[in-house]
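Both complexes shown next keep subunit A, but they swap its partner, so subunit B is in the first and subunit C is in the second.
And now, the complex of A and B:
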């Protein structure tokens, strides 16, 4: 196997890791604000569907990503209404969102695309001058669609907002000390609403990335459990966005290596090879979970006047 | 005249009981002819009684418009039912979980035969067939042990025979002498087709390089995984992709459509399985498909039920009754002729296609030829 092959393996890791990165980043914001978003996969799925529909109709991947963002936020509104505003159980509502989005997108897909199964043209990549010429890493990492670079930038933007701004402080306070935040005169429900909508938007973008760039097609149930892996990554990240980046690409690399091992003809059981990405996640949990700490008010509804 | 004593009454009751039970046994015997042989001669006992089929049902795990397994299952059942003058109830998208409630609901419609169209339905179909006394098919693996007279009939595919033809096609069409198998899951049929494909390709080019890669344990609908893995196979030099998947096939096709062909090749072609997606091909990459058309198999099953032979032996989909290689405009005449000759060879027994039943056997077969 030549350099082109290994470049494709790294590119494959990015392709697999980016939807996770965007969704996990969103989940991290939500968790920091005290909302456990079990319905993340549903938001990804609806984002994938919305993004695909818009990109397919307009022929523009950018409008597609806008559609994905809005679709994810629309689903997140359900979480806002039921969990933030009405104080319903976040796990139950999250599961309901997941199941309903699976059913809804499957139904909509059947009605709209059941006969035609349209596929999108590839999204053009943007080579970074100089860096894209580096062997193996150049064409795989520095010759990607613009959305990839935006995703990387978002990591640092979210990290900066969470750690260096008043809004970020309020978000973290909504997850750790919502009563204190309320006493300080900040509307906890408003902060949590913002956080959940940001989560929905980012999860939608993750789904959109999957449908528009990673697959170029929408098929029912295509998120394939990635939302739950994103939740795990967000928990391991403990509010640090760079760890989301590391965790997502660790999973993506593991997934891509499973392909590479098979293609180079490594005589190991396919079952074992396919377990690799999940073993990586379990290993990461075993190594870091004990140190992981979650916001004190995570998954707890907030009601003014109640402690 | 003496009045009947208590003893007389008891004897009378015993005689009546004996007569009534004899009548009842005779009546039950008529109903049991389908499954029992009393050994006392007569037409009814030598051949089990058949059932007139006026209504059938088909249950598929996913929607019947996937251009794959589910669509072929639904359409085949509908066509077979129509040909036999029967009604067909479709219950698609039943999922991979417990379908007991769905079967119970279908039973209220009183179909004489239910096509339980997934390998995962095998156990529940067998149980429900016995419980409800409704004939059901049992898909994959179609071992004879699965058969129960007039209740369960196994269906199996000789998919390796069709894949052998695909292998001949791929070996003739490749420019890089590297071809790939992309499997969506660890699946018996995918393994069978993998072995057939390798044998077919090597019958044309013994030194051909064959790549094998699996998306995941059950990545049937993983379109993104299908695209990613196929891209890697193409970057490994493959210019013909033989893809085994349902929803993931669309990702594989997308990878072929958007890929930069490997050095030495002008195009990357896709060979599909089960369904025919050629109508969706806008970029000229859909080389062929190993089509599984179950209409004849389903018709045979209905006929067996009507003849009273249902559940006696497994029914196989083969090159003689619905398994075929799809001819498209992308296949040159001489290559198609080679495929047709191989088909004739398989059918007359002069070509024996190996049977592989696991991904490990497929990989071992690839390694043995390198």
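And now, the complex of A and C:
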């Protein structure tokens, strides 16, 4: 195991971990507000598609990320209308979002790029002076596209908003005790709407990261269940954003370690390695199982004047 | 979800009873309207993309239902789909979100496929097939133990744990197929092949294996269990209101564990029937991923095992015929996912509209809307 190996592991973990991080961060916000967003994967996929289309069309990765953000929020609007405003079952709507986005992106991709299969240019990375000179870690961690640094900053911004601001308090109240929030004169549905839109935006950015930076292409079903992994990370993080950071990169390592091992000539079963993160989560849950660790009103619609 | 069943019970609570055929007609339309709307919306989308929706839908019906070959394929596909939806319904009615159906399916499939050939060689074929079906049943059920125990004893959300187990199961199944169960047949790693003659027997005069009969029998048993037994009633109470179930003296832990296991077991049986009836072996990375789409179907059917039959039939037609139709109009197969998603959206929408109109009717009847108490009887089912 030499430096090259560890550099490959870290770089791969970051590449695979960033989309997870952004999406999980978003999911955490809506879970804290009482909305369980099973359609996260759909939002990521549409974000990836939207980001790719815009980036391909304008040639600018920034506009691409803007497109990903808007695409994710557009899908989140479905969740807002059906789950927040109409108070319908969040799991059913989430699955509807997932299925229709899988179908829609695959369809649009085939119609638009079925013959040409365009690729995006690489996104330039920005080395941080000094830090990027550290051996092994330097080039793999501190020499990344700007979006990476933005994602890291977002972790702390979201953590700060959730825990230190009035809006964050309202969001958490909407998830734990919406009636109390309503009695305090705050519009629960508005708070939840904001939370779901934030989720959609972040999930869209996560998908965009996949398409614009990690892959450079859009492929149907490219999220490969990562939306669901992000949901799990968010549930385990329980509103603590730093845990999202740790969890995402642990999953990122697991997702990338097989390639790194092959790079140094070690042959291991991909399937067994892929099982590791899930095994760890299950074990952790079994050992540290606790009764109430999700917001009390999670997945419950709120309607005024109803007990 | 459990709320859903409850809501139905209340909003359907009859004030005046129209004639039976009108009731059934209404009921049918209530379940089927979202499908019509969804297909119509899909048609509009096809038009926008410059494809002919009529060609698409007609080809679907023609090659999934009207041709002898397609009809038989549809009926063959029906067996695993029906068993799997029965499995989902058992869990959902008890208020348990068994999201990990695909993991249970693949684990059972891998074990059945891996043991199949050697077992068929070692004993009378009929005995081997019966034992293999039981193995599938048991493996599928066993794959639910972790999430259901965590749910029953620690109140842990089963969505996350059953999902984890699904990923574990998918990877472990692949590992088993590429590892202990591998053969040197074919280019893709796969299990030993059960000789074609030793697969599940066909219904005389057709190429349809008996899986569909097994499925229908199982459905009848599940229906009986749900509507005529104390166990079924307990599960419905558990689904409608877990707290009330505790207060009613129901052994909630035992019922959670058993219904979750039954759900996984039926899904495992679905896998066994599919492997033993159609394939005879399992390939690495084979994943039909019936789970998420069947979710939708099960909800359309209002979690009713009898109502689910026509829906699954319809879905099987779309799966079989849609494949051909997508090829003919030049669309990816995944268009079907979009159709199912649209249908689900319309289901949610029509349900909402129905509750709204029930509320306003109720308000008209009782005079002015006098405070929040008035709509209680209609909507408080949730």
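One rule holds in what follows: the second predicted complex is superposed on the first by the 281 of 307 C-alpha atoms of A that agree within 3 Å, B and C clash if a C-alpha of one lies under 4 Å from a C-alpha of the other, contacts with A are read in each partner's own complex, and residues count from 1 in each chain.
The criterion applied here is as follows: contacts are C-beta pairs under 8 Å (C-beta built on N, C-alpha and C of every residue); 3 or more make two chains touch, one makes a residue touch a chain.
Predicted model only: the values in this text are computed from it and were never measured.
Enquirer: Just subunit B (first), just subunit C (second), both, or neither: which does A:82 touch?
Expert: A:82 contacts subunit C only, not subunit B.
Enquirer: For A:235 in the superposed arrangement: first (subunit B), second (subunit C), both or neither?
Expert: After superposing on A, A:235 lies in contact with subunit C but is clear of subunit B.
Enquirer: Who does A:282 touch here: subunit B (first), subunit C (second), both, or neither?
Expert: The answer is second: A:282 touches subunit C but not subunit B.
Enquirer: Tell me the contact category for A:224 with respect to subunit B and subunit C: first, second, both or neither.
Expert: first
Enquirer: Of the two partner chains, subunit B (first) and subunit C (second), which one does A:175 touch, if any: first, second, both, or neither?
Expert: A:175 contacts neither subunit B nor subunit C.
Enquirer: Scan A:115 for contacts with subunit B and subunit C and give back first, second, both or neither.
Expert: first
Enquirer: Looking at the overlay, what does A:216 touch: subunit B (first), subunit C (second), both, or neither?
Expert: A:216 sits against subunit B, while subunit C stays out of touch.
Enquirer: Does subunit B (first) or subunit C (second) touch A:50, or do both, or does neither?
Expert: So A:50 meets neither subunit B nor subunit C here.
Enquirer: Look at A:201 in the shared chain and tell me whether it touches subunit B only, subunit C only, both, or neither; answer first, second, both or neither.
Expert: So A:201 meets neither subunit B nor subunit C here.
Enquirer: Find the residues of subunit A that appear in the contact set with subunit B and again in the contact set with subunit C.
Expert: 106, 110, 220-221, 269, 271, 274
Enquirer: Write out the stretch or stretches of subunit C touching subunit A in their complex.
Expert: These residues of subunit C touch subunit A: 1, 3-4, 49, 97, 146, 150, 153-157, 159-161, 163-165, 167-168, 171-172, 174-175, 178-179, 292-293, 295-296, 299, 331-332, 334-342, 344-345, 347-349, 351-352, 372, 376, 379-380, 382.
Enquirer: Mind pulling up the subunit B residues that touch subunit A in the complex?
Expert: On the subunit B side, the touching residues are 62-63, 65, 67, 93, 186, 211-214, 216-217, 219, 221-229, 231-237, 247-248, 250-251, 253-254, 257-258, 277, 280, 359-360, 363, 366-367, 370.
Enquirer: Contact residues on subunit A for subunit B in the complex?
Expert: That would be residues 1, 4-5, 7-9, 11-12, 15-16, 19, 106, 110, 114-117, 119-122, 210-211, 214-222, 224, 255-256, 259-260, 262-263, 265, 267, 269-271, 273-274 of subunit A.
Enquirer: Given the complex with subunit C, which residues does subunit A contribute to the contact?
Expert: Against subunit C, subunit A makes touches at 36, 38, 78, 82, 86-89, 91-93, 95-104, 106-107, 109-111, 220-221, 225, 228-229, 231-232, 235-236, 269, 271-272, 274-275, 278-279, 281-282, 285-286, 289-292, 294, 301, 303-306.
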